[in-house]
């Protein structure tokens, strides 16, 4: 059944998200330069240009449920080369926040990596690469990922037993809690 | 015209606009249906150098709250050197008004070309806000005897 | 007492939609001096003007105020109307209650109050108006065309055929401009040289046309009908009167530099004609690169071989001053310097990424490769060619916001030429839209696809080199898939931008230019070939990007404007000029330095003071020179010198009316 | 005066040991003072701004505030492109909008006036004063080494926030490498993204990003790739072998940090420059080049 554009109830939500990230959706005339330059486009289900197109038509669910917003590497090539200066990087960042808000994530591993990374900071105040890799591998299920490099890392003290975190761990935790409250408003 | 600073008081601003640049820019703003506050009245002059400082003093004397003189950008004047005179005359005018106790911000000069419709709208909007803050031009009005 | 008629126009709903017209008429009726006030739906229409004329008779009116659109639109219309009534055309004031009132305000009540104020100002001003009568001055029946491209040539030929003298000033060593660089022209594919060189020759030979090649305009004084122009004839170092253009010197000249005409695709000698079919077909020396003139002086081969001793190394060039009645600006365009703004396309590092005009030189029979398409890096014939459109156009991030109009068609032509000249070649054209607005254009686009050109909808994001292939990374937005093309050569269809020194010329002529730097036309729809300044016209791409058909049409249009100006024996001058009231003039001469046209002089007159005859110095205005700017009236302390039509009284009345 | 506050970043104490060693060697050699920010925390990298706007601004803000509290009033030197980018975003946000600056102060419970600037190591080493200092310390030459300078994406983009180098064809690292006598080559993937953390959480999708960097470097004659960021270096160095196996390519281009090449030319031993700590063998290429240049 075709999409009835005029009747979509949360049509207003898409422009609001765009506005929050400082993007004027009407400026994009669908030229495709962002997709052409996007390093991750080959692996994406909907193209960066199409993300803007869905938003222009207010079709927000399709965008929140797509893999593309999670595969984006936030490298900024699209925004830098866009003939109408549409900040697609900021738009995708805002869409990630919105998707997180609705508990939707089409690429599970990216969410696991993010949560593990932030968990690391909450505990130690710094990112401990060995713990990050260990926890991520277990949670994501690909246990042997990068294991072949571990011997090399051990031999060259790239990975050390002692954990030197932040002294004022409490301060970092409070800061993260306050920031996340602000974000989840 | 009685002067009571009632709520919703609207300043009355006179703008001398040169026919070749600013007046054209103002018309272009109209063509593009741009919107700006209503309290500016434009008087067309062939060149901004036509505006004799006496006109400005007369406007304030008669109770105008703000006067704006607009012309072409220096170097673009249709009459080649007109706006150079405008610039010199009105630097002195600012000092004269200050000497007379009139807030010099009531009097402003701007260079607006025929294609700068948005600049005309923004200038009118900003000047109206500034004059509104300054309040009505009571200085001369009380002295008036007519 | 004045008997004023006030006529407020509805302009359909343009005014009446926001301003309460009846309110304005009611208020106007009470203004001092107003004998009759009414309103009408379309005052500028024939019936509208009839109602005004009838009212003038019926109410014996002696001056008119019209509340309508901008005076810049219809003040002339209403003045012409008054000519057929007993009222002098200058006893008229127009209140701008459309562009500067109804169109820019939404609050109906405040807009109406403003319309009343503007009408009250107009009525107050017209009270002090006096009848004015135009003067007339002579017109120099000689035209100046700045720019020798197809626009300038067409304009010059039409003026010359109408029997008037015309000079073409061209800054390059030959006329022809950009068109003569092209190989074929769309949509009929006739060869550009075949249709433009005859015109060039005709211009070169026409008795009424004086060709001033290798010249630039230094300064322009005066006004419509009476311009005085200084033209700098750049030093040619060759006496074109004695030189027969035999070319012996060109062959022998030892030093070679990059040929600008061939867009740097090949070299030319320092003693050069830009291209074989140049008009004038006589060489000049490129002094900067000449060893004899600016090098160590150890050369002079050209002078030695010249059978007629036409070479003169001491030539300093000269300033020629001429009088003209009208000027046509036809200075053309340039291509945007894409190398500086598109590093993602290689920024000029890849030799085989060329512009459309460079390709025109490659495919042109008199070009560096005699028409064989060979790529600049290794001279091999490219098989797979990519064409990228809108490079610099429609790109507010790195280029220009506008569309350059002609590239859609000339890129289709390039594709056609490639597929014709390289049978087993392939062409991929990256486009966003294909704009085919002219006659036969869409059919030409169909034919190009029939020839086998692949059109891919999407902008290219990056060009990079791997091996000797140029990889263009794009997206086919119709498929929604990233695609790339491995090309042997890439053609960028770059944006048209104004010529680099156009701002110098617009300064000399004191004509306006728009925000992108193109020459500003008087009105985009109604007066496209005129500038704001009377007597100065424009034609072709100096006003904005366009293709050859439009350019030639504008060339002829500008020519006819000049001819209509020259058709008058005398030219009517505007009566809005300054005049001196000798009673008040104290001879202080404050007004004299203010006049840009030097129209004010001091004269000695006899005056009677307390019964004694006395000699007095007073200012006097030359009505022919005065252009009515009013700078003098703005400087006069005693109000002796005043500008008719904008007298001190009139403006003071306007000011008073505003502050009531 | 070459004095900076210093924010090393988490990876310098872990996988980026080659960068850490070569920085301290070069800094000591040219007399550059790096005052490490006391008790600095992780800048949040991509994960913070992926999770929330204020989290992304607050984490770097704490480090900036700590540096400010030190009172040295120095600019902050940041070796990692990701930390650099995130701190630049915070400084930009704080300077652009007073309300945002106040809210950041509230969240991090510390005063933060965004007075000092954040400089990447590239920007610092490209300063004339630092270039001169390095030039004077050059003892050996890497003459025959063809180097592809890889800048990565975050040092250059977004333009208005980093505000520094060209987003497509920057030359800063090329000029620095030229000091060592090596030849920086012209190639086309200087600022193309390496996939950063996606090499971990989306490896199949991200691996081609690295392959195409190697392919273009090789096509343009590179015999070494040089980076200025721990993560770019790790991704390229650790996966070259893997790509050769998977795609059957024969890339033989070791990946160095630019400070390693400076260190080697300033007389550092293989150990001091960390030449034995690479995933893809890197010692021989340097050793042969030095011998050929008659070091």
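In this document, chain identifiers A, B, C and D correspond to the written order of the chains, with residue numbering beginning at 1 in each.
We take it that contacts are C-beta pairs under 8 Å (C-beta built on N, C-alpha and C of every residue); 3 or more make two chains touch, one makes a residue touch a chain.
Owing to the predicted nature of the structure, the values given are computational and were not obtained by experimental measurement.
Undergrad: Could you run down the chains that neighbour chain B and chain C together?
TA: Both chain B and chain C are touched by no common chain, going by the contact rule given at the top.
Undergrad: A-C versus C-D: which interface comes out with more C-beta contact pairs?
TA: A-C
Undergrad: Round to the nearest whole Å and give the separation of the Cα centres of chain B and chain D.
TA: 56
Undergrad: State, to the nearest whole Å, the distance from the C-alpha centre of chain C to the C-alpha centre of chain D.
TA: Chain C and chain D have C-alpha centres separated by 52 Å.
Undergrad: How many angstrom lie between the CA centroids of chain A and chain D, rounded to a whole number?
TA: Chain centroid spacing, chain A to chain D, equals 23 Å.
Undergrad: Among the residues of chain D, pick out those that touch two or more other chains and give their numbers.
TA: 167
Undergrad: Using the touch definition from the top, which residues of chain A touch two or more other chains?
TA: 42, 77
Undergrad: What are the residues of chain B that contact at least two other chains?
TA: none
Undergrad: When you check every pair of chains, which ones turn out to touch?
TA: Final set of chain pairs in contact is A-C, A-D, B-C, C-D.
Undergrad: Residue numbers of chain B touching chain C in their complex, please.
TA: 1, 10, 12, 14, 19-21, 23-24, 26-27, 29-31, 33-36, 38-39, 41-47, 49-52, 54-55, 58-59, 62-64, 72, 75-82, 85, 89, 113-116, 121
Undergrad: Where on chain C does chain D make contact in their complex?
TA: So the residues of chain C in touch with chain D come to 343-344, 346-347, 349, 462, 464-467.
Undergrad: If we count contacts the way the header does, which residues on chain D are in touch with chain A in the complex?
TA: Those in contact with chain A are residues 10-11, 13-15, 17, 39-42, 44-55, 57-59, 62, 103, 106-109, 153-154, 157-159, 167, 192-193, 195-198, 200-206, 208-209, 238, 276-277, 279.
Undergrad: Quick check on the complex: what are the chain A residues that touch chain D?
TA: Per the touch definition, chain A meets chain D at residues 39-40, 42-43, 70-71, 73-77, 79-80, 87, 89, 93, 96-97, 100, 107, 109-110, 112-114, 117-118, 120-121, 125-130, 133, 136, 140, 145-146, 149, 152-153, 156-160, 164, 166-168, 171-172, 174-176, 178-180, 182-184.
Undergrad: Quick check: in the complex, which residue numbers of chain D touch chain C?
TA: Residues 166-169, 186, 188-189, 215-216, 219-220 of chain D touch chain C in their complex.
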